[in-house]
Every structure is written in structure tokens, then in C-alpha cells.
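Below: the structure, in C-alpha cells.
Each chain carries a letter (A, B, C, D, E and F) given by its place in the written order, and its residues are counted from 1.
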Amino acid sequence: MRPSRRAPDELRAVSLERGVVKYAEGSCMVKFGDTHVLVTATLEERLPPWLKGQGRGWVTAEYGMLPRATLERTRREASAGKQGGRTVEIQRLIGRSLRAAIDLEALGERQITVDCDVIQADGGTRTASITGAWVALADCVNWMKARNMLKASVLRDNVAAISCGIYNGTPVLDLDYAEDSEADTDANFVMTGEGRIIEVQGTAEKTPFSDDEFFALMALAKKGVARLVDLQKMALA
Amino acid sequence: MRPSRRAPDELRAVSLERGVVKYAEGSCMVKFGDTHVLVTATLEERLPPWLKGQGRGWVTAEYGMLPRATLERTRREASAGKQGGRTVEIQRLIGRSLRAAIDLEALGERQITVDCDVIQADGGTRTASITGAWVALADCVNWMKARNMLKASVLRDNVAAISCGIYNGTPVLDLDYAEDSEADTDANFVMTGEGRIIEVQGTAEKTPFSDDEFFALMALAKKGVARLVDLQKMALA
Amino acid sequence: MRPSRRAPDELRAVSLERGVVKYAEGSCMVKFGDTHVLVTATLEERLPPWLKGQGRGWVTAEYGMLPRATLERTRREASAGKQGGRTVEIQRLIGRSLRAAIDLEALGERQITVDCDVIQADGGTRTASITGAWVALADCVNWMKARNMLKASVLRDNVAAISCGIYNGTPVLDLDYAEDSEADTDANFVMTGEGRIIEVQGTAEKTPFSDDEFFALMALAKKGVARLVDLQKMALA
Amino acid sequence: MRPSRRAPDELRAVSLERGVVKYAEGSCMVKFGDTHVLVTATLEERLPPWLKGQGRGWVTAEYGMLPRATLERTRREASAGKQGGRTVEIQRLIGRSLRAAIDLEALGERQITVDCDVIQADGGTRTASITGAWVALADCVNWMKARNMLKASVLRDNVAAISCGIYNGTPVLDLDYAEDSEADTDANFVMTGEGRIIEVQGTAEKTPFSDDEFFALMALAKKGVARLVDLQKMALA
Amino acid sequence: MRPSRRAPDELRAVSLERGVVKYAEGSCMVKFGDTHVLVTATLEERLPPWLKGQGRGWVTAEYGMLPRATLERTRREASAGKQGGRTVEIQRLIGRSLRAAIDLEALGERQITVDCDVIQADGGTRTASITGAWVALADCVNWMKARNMLKASVLRDNVAAISCGIYNGTPVLDLDYAEDSEADTDANFVMTGEGRIIEVQGTAEKTPFSDDEFFALMALAKKGVARLVDLQKMALA
Amino acid sequence: MRPSRRAPDELRAVSLERGVVKYAEGSCMVKFGDTHVLVTATLEERLPPWLKGQGRGWVTAEYGMLPRATLERTRREASAGKQGGRTVEIQRLIGRSLRAAIDLEALGERQITVDCDVIQADGGTRTASITGAWVALADCVNWMKARNMLKASVLRDNVAAISCGIYNGTPVLDLDYAEDSEADTDANFVMTGEGRIIEVQGTAEKTPFSDDEFFALMALAKKGVARLVDLQKMALA
């Protein structure tokens, strides 16, 4: 029995609310149960120096956590004077995941920056961030289309992400914090609407795992991502 | 005529919503029109080193702005590696303002950290922060009372803050961004429920101002703060 | 009775000595009693990036304190790796105050940087800095005039600053450290030669103050600034 | 045909040389072809503050690259003033991988720090680092055993890592830089001597990949890791 | 002919003024011509952690330059966020030089921090700093003696420093900036009152120099230091 | 008797191995006994901003120490966030020393960066670095000559460096760590192939030294450098 009484293949209540910030070209408040992330997409007509003049654009991401998003207050990174290792790792993952589904040539020489700020954290902030980030990105692309800024189609497919893990010996989908801190194994899957894999990250927290355990997690993840992609489509409809 | 069509002494729509974050001992989403600030109050049983063993507590504040709270994206301070001058100035002001209305001896050897994170900025983020911070602080104090952690009364009075300015020659209350960027003079007032002054900051953006102009702003501020204090009381009722 | 035996409306001995550093385009050693600040004004034919090409110049300020300007040694900010919150707040105030009295268009596309370094601190370093900074700035402008670098008049009026406070229930002018650390209320006023207000900062250190108390401080400040402006005029004569 | 003319399942020439640094409790110069990493293991009788008094030890890793390990000189991180995102990500991975195979309780309240410094980089520095780090760690554990510092067995199993990727449509093992920069998909596998998985990281550089492609990479990795574990055993014999 | 018309073995006008800062236990304004350095000595009853409990004290130095001490404004190190390489090198030299002439055991478990802040720079700031620092240090030691804080004699000898160089083929003493920037060779000598050497630093700016040239510089330095030691004795008399 | 049983004027076993890193334009693994430094020289067709357009090139150096090059692990400077004072001092010395023997005009508008990374430290890392750096620099210059990038001769002379010290009252050459930590006086000499002096740094660790002692050290250094220059010539033959 999971602490949340969910079935092993059951997602938390997921919501994707668009248009939550007035100024951004795209935005989404994504909630996976008690994990809440505010995502904004910003379009800028400039590129990082190393990318200039190559006829293509860029998508990058930044991730942050409000100090009291967590059970105990976490030190504000701006006041600590640097981003921690976990933050850097997550924002690199979000950026890579989004870039895998966008046609950077079709975007033109522009940059879209996706900011994912965790308002409340109850496990799975990186997967919630990616899932919401794709919605904000799609919104931003729609904003550009409405202004005739794009000649071709830019987004190749949906992108969503989910965590899985082995909890008390059973593979389960979408770990919350209570499960995550107890799980033997933790894996994050970023996949496309077609079910292809963009990124897999599996870590044995305690005991190394077998191939079969890993395949079971991957099967769960496919189901979960398919459901998230449906929700993304509804949100953008 | 103000851009927002408000009367000179009219506040924006103000709301103070408590309990918006699951883990914090006190929290408040404060909105002054399109300015939205999420405030949390964190209680910790520890003190900064320079304050230990003196039989009294401390209240401090940190302030941040989500990158896309603004019309154009602002660089994330955690990634820039330091807090800007404006941030530092504002969080010092919030901390001083709250400390003026709390009995630090009665608080005991504990620290309350108030985090003010601007979700959306349309002028007046520091005054909205202070007004909401007092609600989160009061909530945190109530949380402590419910657990019998306090022997005496801790909060001496309400604290609220409002900006005033001279816009097109007329003193007006609660400037939004459109007014703020055009105003000749800008002043922030932090006051108590009794109408006494905790902090005054008046700045001539363009032309130095006269005593009379300043007194007119102060009179407006008194009205505005009185209204904000009413709203705080309703929020906490 | 004030610790210094001064009358409530009596300034400390103030001196403004020009030309104290060989290389600077303007300089002033300002002393308010035992508070000594060395101010230099540097003219540079370059602007911060965000100001280029707008046909106007800029005045900015930096503030520092020698480690043993204080009773106990203060850590050197260069070795700590960053400027503290108080430093940032003060240098922003000095810059704003000077810009309020200079015609940036008439200055042309140039920057004047005013450095205020506290040699010895006995209260009121920010107000002494502003008062001396205006002299160094005026010297720098005269240096430019002598080289026919300016077509029009650049300085609109004098700028001087003074602190006031309520000490043992009495409003007093120009607080030294002994008074400042005991005062109930502390206010800094930056004013022009004409007596108009550029900046007001009033803070209740202990008990919030009333309107009447604030007006009494403002009246004292007017007297003090008028005297400082006289001394500036004598220094530049 | 691979640029290096290797068969798809062929490792580069791998060597693991122990005892390469005089002072370290364990050390290993690991070479995967032209990728050379110097690994040292340092034993210290102290722990990070958050781990004290829990009756168990810690293994952590740091990663660095000499500036001219790369085709073009890379900026020295010590002079840049911070470790880049890639560095942080890799050193976290190395630390996690080693901790998965060590019994931290049996280690006692001590810390082993593994430093991986890349002397020359030709692809696969993180997998070479992990493979060499395990040898240095085992050497350090042997050093402790020889001094009767350990009561129980500490290392549960070998740990080795290898990269795989899809190059020109074919799954290949142990990518060098020429392949890595062209590969469609890149995955790193950290496994135990028994063939169980500690960490999987798969990333679609260009096109998202299918389950079958991923399984093919995993099968290759198993073969590669088995060979690396043999080499580790020979090195320690 | 030297630009300053001095004889080859002639010092600039040197003055050593004590007691220039109110709070410091020792202080000295040292002037070598247009090079002016304000030195303070601070006594603290605490030690750096690595020195605690060893029954001896420590003398350390910090060096800084006011931004407009130089012909063109130099960026403030506190605002740049770190001390430059030249600063670090100089303050390490000052500290070493002073420690060579003090009995750290006799000092007891205390630290003296000597701050050298350059008000105006015209060459030779490090040698002027050392010469003035010894006066401030001696003053601080006298302050301690007057309070019976020292049982034994602490200062073993005077310490003074001077630069020499080969200018237009002639060895000259005490280079000012005009000479320093043109000199072929530049050497700094730190010596004791007895004429023994504490530190020698010779650098060929353009052409490597011969032994004989170096010995000529050393002979000049001996003369110069002897004169500086006389001036130190007069200052402290 | 020296701890290493060497004669007073005997160097440690010195080796200079070229071509140790695949990508660098010049490289050298230099060993002075157990002190091992890996040096690379990188040629870049760009200059620091302050040197552009002056028709001459630049040679600069960076120095680092692997964390476990030392008896106890030293904190990684990249993770500490800055280079320590000792590092900065040494890399400035290496750069100055090399520039004294190269014709920067003949080099053209290019920069050569010499990286000296200490793999193992047993005293004398700075002198070993300089001696090896000259070999790597010469290799880099040869690389340029082979590509017809240089019109004129660039290297004026060899540069090598050695430490000397007074150990148990006897002047000795090439101190290892055991001697260095006990020596009364420590001096580093950087000299040319012709025996002229580029840099002299002598420091009295405990007791100030006499002229005669200094001359004895200098005579030893001449002998040592002559031997090192022979070894450089053999290495490059």
C-alpha cells in the first residue's frame, strides 16, 4: 500500500493551468498533487554569444525553489551566492529535454528561456517542471504564430516526464516525497507524445537493480507519460 | 486622470490570502492589483551567532523576484551569483519594519524569517511585501500561541505600507508601474495600526519637492494604511 | 543634555577641504566632528552599457569604509568578497542624491564616479559623504568648465545632507555615534540649497513616531542643511 | 565503420595503473584510449557536519579537468571562480556510484574523498573516472585493512561504468570524442560486478530513441562493464 | 638625471605621522613624496583557527588602494568581488616582513592586523607601507606595554623597506612612478635596523641583470633603509 | 647532512619529458625528485583586451595543484571558488619569468598560456614549474616555426629556476619539503642561460640574513641553474 493510497500505476492529481503570469509569452502553473511549479517562457530576440549567426535559435531553462517550498526552509541560492549542484543538474535536464522536441532552425535566431520556480515541493519537481515547461513553451510558440513570427512548424512533438521507483518491492508511478525518501530505486523518464525516449535517469538509492526491475519502471513511465500528454493536449485545446 | 482611472486616494484592489503554502508556519499571497507577492514566515529554533544568549529573538526578511515577474525578463539573482542593490535595500526595509512592531524579548530565542517572493510586479512590490509579511508573521505567531510557545503578547500593533507619489502634479495613493515610472516624486510609508510612522522614504525622481508636497503625501498614506490595516484584520479574523 | 554638550540645533564642527588628492578631477576631505570622509570625483569618457547613445551622462557613487574607521575593526569588504547591504544602500543613496541636482543632458555622454571612503566614523557617514560629494562634484564640473568641455550650466543647485533624531525625547541635529546608538528615531534628509527635499529617510529604531515628531526633525534639518550649504559655498569660493 | 576502426562492441585500450601518487591512500591512473584520468582517494578522520554522530562514513568525489586536457584550452575553473554545471553533475554522479557499492556503516565515521582529474580528454571522462575511482577506493580500503582500521568487509562489489551510443545507426560501445560528437544517442551505464545497475543516464542528442534501441545499448554496456571489472580485478591482484 | 632631479642615492621627502586615526591601537600616515599610505594596527584577543592554543600570537596585514589613488581610477576591489593578484602579493609581503621582527611567543595569544590603505600612489606603495606599518605596529606594542599586557620585549628590531632600480643605466634609490615605469630593473629590499635582510625581491622588467648590478642596488638599499630607520626612531621618540 | 643525503650543491634527480599531452602545442612533465609538475603551453590567436592592436603578443601562466599532490589533501580551489594568495603569487612569477626571455614583438599578436599543474609536491614547485615551463614554451615556439608562423627568433635565452636555502647553518641547493620546512632562509632564483638574473626572491623565514649569506645562496643558484639549462638543452635536442 502506497502512503497516498494510490494504485501502483496511478498518477497524483495533475493540473496544468495556463496564462498565470501577465507578462510572459507563455506560462503554466503545473501541479502534481502537492508539488506546485510556476513555469514561464520568455522570448528574446537575442542569443548566447557562441550561437550567433548560425541561423538557429536556442531554448534554455532555469530552475529555482522558493525557500519555504520545503518542509524545512532551504537557504535562498541568491543569498548563498551560487546555485547548488542539484539546481544546476535539474535545469540542464529541463533545457535538454525541451530542445529534443523543438526545431531550432525553424525557431530562427531567438532564444526562449523557460523558468521553473517551485512554489511547493512534495517530490517529483523536475518531472513536473518538464511537463509544465512544455505547455509554457507551446504557449510561447502559439504567441509567436499569432504574430506571424514563424514560417514553419516548430514543435515536433509533446514532451512530458514522470518519475517511477521501487517502493517496498513494488514498481510505482509518480513518487511523492514520502515514497521518494523511502524508495530503493528512483528513475526519471522524459518521453515524447509518440512514446519515444528523450532522457532516462535511473539511480539505485540503496541496492543496485536488475534489468527486469528497470524494464518494469519503463513500462509504468510509458503509461504515465501518455496520460500527461493527454492532459497537455487538453490544457492547450 | 490616473492611467488606472482610480481616484487620487484610491487603492488598487487588495487581497490578502492566508495559508497558501502547505509547510510554512505562516503564509500570505498578497495582491495589490497586478502586483502579486507570495510571503512565507518560517520559525526556527536558532539565531544568528551575534544574537545568541541575549534572551531575545529576531525577525529577518529576504526578498526575491521571479525572473518573469517583470515586463522584460530580469536575470535570476541565484545565477548572477549575488543579490542586487535594490534587493538588499528592500529586504533590509522589510526586516526593520516588522521588527518595529514585535516584542523580541517575548518571542524568545527564536528566529522568524519572512520570505517575500514577487510573482508578478506592477509597482509597489516593497509595500505589498510589508503588508503581506505582517499577515504571515501574525499567522506564525498564532501558530506558536496554539502550541503554547509564547508566554506574553508578541505583536504590538499592525504594520502596513503604501506608496504615494506626485503624478501629473497631483498627489496620488498606491502607484502602479505606469504611474511610478512617470511620477516626479515617490514616497513609501510604513505605519502602524495606530497611524504612527515606522519608516518614511521619500525620493525626488526628477524635481526636488517642497514640504507641503511631502505633507500631502503623508496624509494620503495615512488613509491608505488605515484601509490596509482593516483588510489585515479581516484576513486574520 | 547631549553627550557632546551641543545645543539641540547645533552641528558638529564641519570642514570641507578641497584638492586633497593629486590625481582626481575633484576631491574633498569632509569632516563632521570625528567623522572623516575622503571624497573623490572621477570623470570618464565612457558610460555604463545601458546608457550609451542617449545623449546624456551619468553620476554614480561608491562608498567604502577603511577597516579601522570604526571602534572595532570591520572586515574589509574586498577580502570578504562582496559589499554588505549597508554599503550598497548608502552608495545608492549618494548617487541618487547627486543626480537630483545635475543636468545629465548638459553633462554629455560622460560618467562621473564619486568615491566616498570613510577614514574615521563617528556617526553620520552617509550625510557627511553626500555633503562632501557635492563639493567634489562641483570641483570636477569646474575642472571641465576650465577645459571648455561644457556648453551649459550643469549643476542646478547645492545638495547637502544631515541626520536628525529624537534623543532622550528631544529632537536634535547631526547625531554623533553616541547619540545615534541611543536615539529612538533617526532620520536623514537630503536637501537642495533652496531648501527643497531630494530624499527623506526616517526610521523608528525603537518606538514608531508621530507626525509631529517627524515635522520637528524636518524643521531642524532645514536649518542644518542651510548652514552646510553656506559652508559649501565658502569652500568653493 | 567506427572512426577508430573498432568493432561495435570493442572497448578502447584500457589500463588501470595503481600507486601513481606518493601521498594518497589510494590512487589510479586510468586510461581509456586517449582519455587519461588521475584518480586519488583520500581518507580523512572527519565528516561533513550534517553526517556527524550517525555511526557511518561518507564517500564523496570531486572532478576537474586540466585546462589543456582538451583540443582547445578550457578555462581553469579555479580562476573562473566556480565549477561549471557539467563538472558538478559529473562529480555528483561519481560520488553516488561509489556509495552504492560501499557499506558506509562498516566504514565508520570517516570520509573518503575521491579526486578525478582529467589529464587528457577524448570522450568518456566520466565513465573512465568511475572505473578508475573504484580502483583507488579499493586501494584505500586495502590501506585501511592493512592498518586494522576496519572490522567488517566494506566493499560490496566492483563498480565500473561505460558509455554506449548509436553511431550512424549502429549501437556501439565506449564512444571516443569523434563518435560522441556525432552520436544520435548517448547513454552512460554504471554497473556492479554482478551486472546489476547502479545508474543509467540516456540522452537523445538529436532524435528521441525507441525502447529497442535503449535495450541494445544496455546489452552492449553489460558486456563492456564485465570486461572492465575483469581489468579491475587484475589491477588489484 | 632623474625626473625628480634627485641624486641617485636620495630618498623622496619621507614623513611618518603617528596617531592619525582615533580608534586604532597604532596608526601612521606614511608619505614617500606623493605616495601616501594610511596604516592602522588593530589588536584583537583572538587568533585564526589554525593557530589557537599554541601559546603564540600572529601579525597579519591587509592592503588596499582607494579607487582614485591612481592617475586613472582603479576599480574598487570590494565591488569587483575579490582582491587582485597584486594586492594579495603585497599584503602577504607586508605580513611576512613584520613577522620577521616580532617575537610571536612574547606577543601572547593575540593577533595584530595591520591595514595599509593607499590614499595616493606615486610608486613604491609596498615599501612605504612596510616602513609605516612598522611604526603603527610599534605604537600598538607601546599601547600594550602601557596597559601591562606584555611581559617581555616583543619587537626585536626596526623593519623598513625601500625600492631601487636601474634607471637609464644608473642604479637609483626610491623610485617614483615616473622612474618605475621606465626602469629596466626593479628591486624591493626589506631590512632590519641592523642592516640584515628580511626579504629581497628583484625583477628584471626588460633585460635580465648581472650580479654586479644587483649588488649595486643592494648597497643603495642599505643606505636608504638606514635613513628610514632613523626617521622611524625620530617618529617614535 | 641533508635529509636526502645530497651534497650541499647537489640537485635532486631532474627529468624533463616533452610531448606528454596530445593536444597542447608544447608540453613538459618536469620532475625535481618527488616534485612532479605537468606543464602545457597553449597558443591562441587572441589577446587580453588591454593588449589588442599594439603589435605584440603575450605570455601568461596559470598554476594549480591537484588536491592530493600534498601530504594532506588540499581543498580544490575551483570548489573553494577562488585561487589562494600563494597560487596567485606563483603564477604571476612564472608569467613574469617567461616574458623576460621572449621577444613579444616577434611573437606577433598572439597569446601563449602556460599551465603548470602540480601532480605531486615535495618542495620547489614554483622553480620546477618555471624550468619545465620554458621547455613547453620552447616546444610551442618550435611548433610555430614548423608552420612558418614566426619571422624572427622569439626566444632570447633559456630560463630556469632553483631554490636555495640555509639549512642547519649551511647553504644548500634545491630544497625538498623536509628541508624547506626547516630552513632559516629560503630564496628562489630565476636566471637565464647566460647566468643573468631575471628574478630573485629571498625571504628570512626565521632570522634575517646577512649579505654574505645571500651571496653564498646566489653562487649556489648559478651552479644549479647552469645544470638545469644543460638539461633543458638535452631535452630539446
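The rule is short, and it goes like this: a residue touches a chain if its C-beta (ideal position, glycine included) is under 8 Å from a C-beta of that chain, and two chains touch if they have at least 3 such contacts.
Computed from a prediction, not measured in an experiment: that's the story for all the values here.
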Co-neighbours of chain F and chain A - touch as defined: D
Chain separated most widely from chain F, comparing mean CA positions: B
Same or different residue numbers at the chain D/chain F copy interface, by half rule: same
Equivalent-chain rotation between chain E and chain C, CA atoms, steps of 5 degrees: 180
Gap in Å, rounded to a whole number, between the CA centres of chain D and chain B: 50
Whole-Å gap between the CA centroids of chain B and chain F: 59
Distance between the centres, which are taken as Cα means, of chain C and chain B, whole angstrom: 27
Where chain B touches two or more other chains, by residue: 81-82
Chain ring listed from chain C, with chain E in second place: C, E, F, D, A, B
Residues of chain F that touch chain E when the two form their complex: 82, 85-86, 88-89, 91-92, 96, 100-101, 157, 187, 191-192, 194, 196-204, 206-211, 214, 218
Complex contacts: residues of chain D adjacent to chain F: 21-24, 27, 34, 38, 40, 42, 44, 62, 64, 66-71, 73, 76-83, 87, 113, 115, 117, 119-120, 122
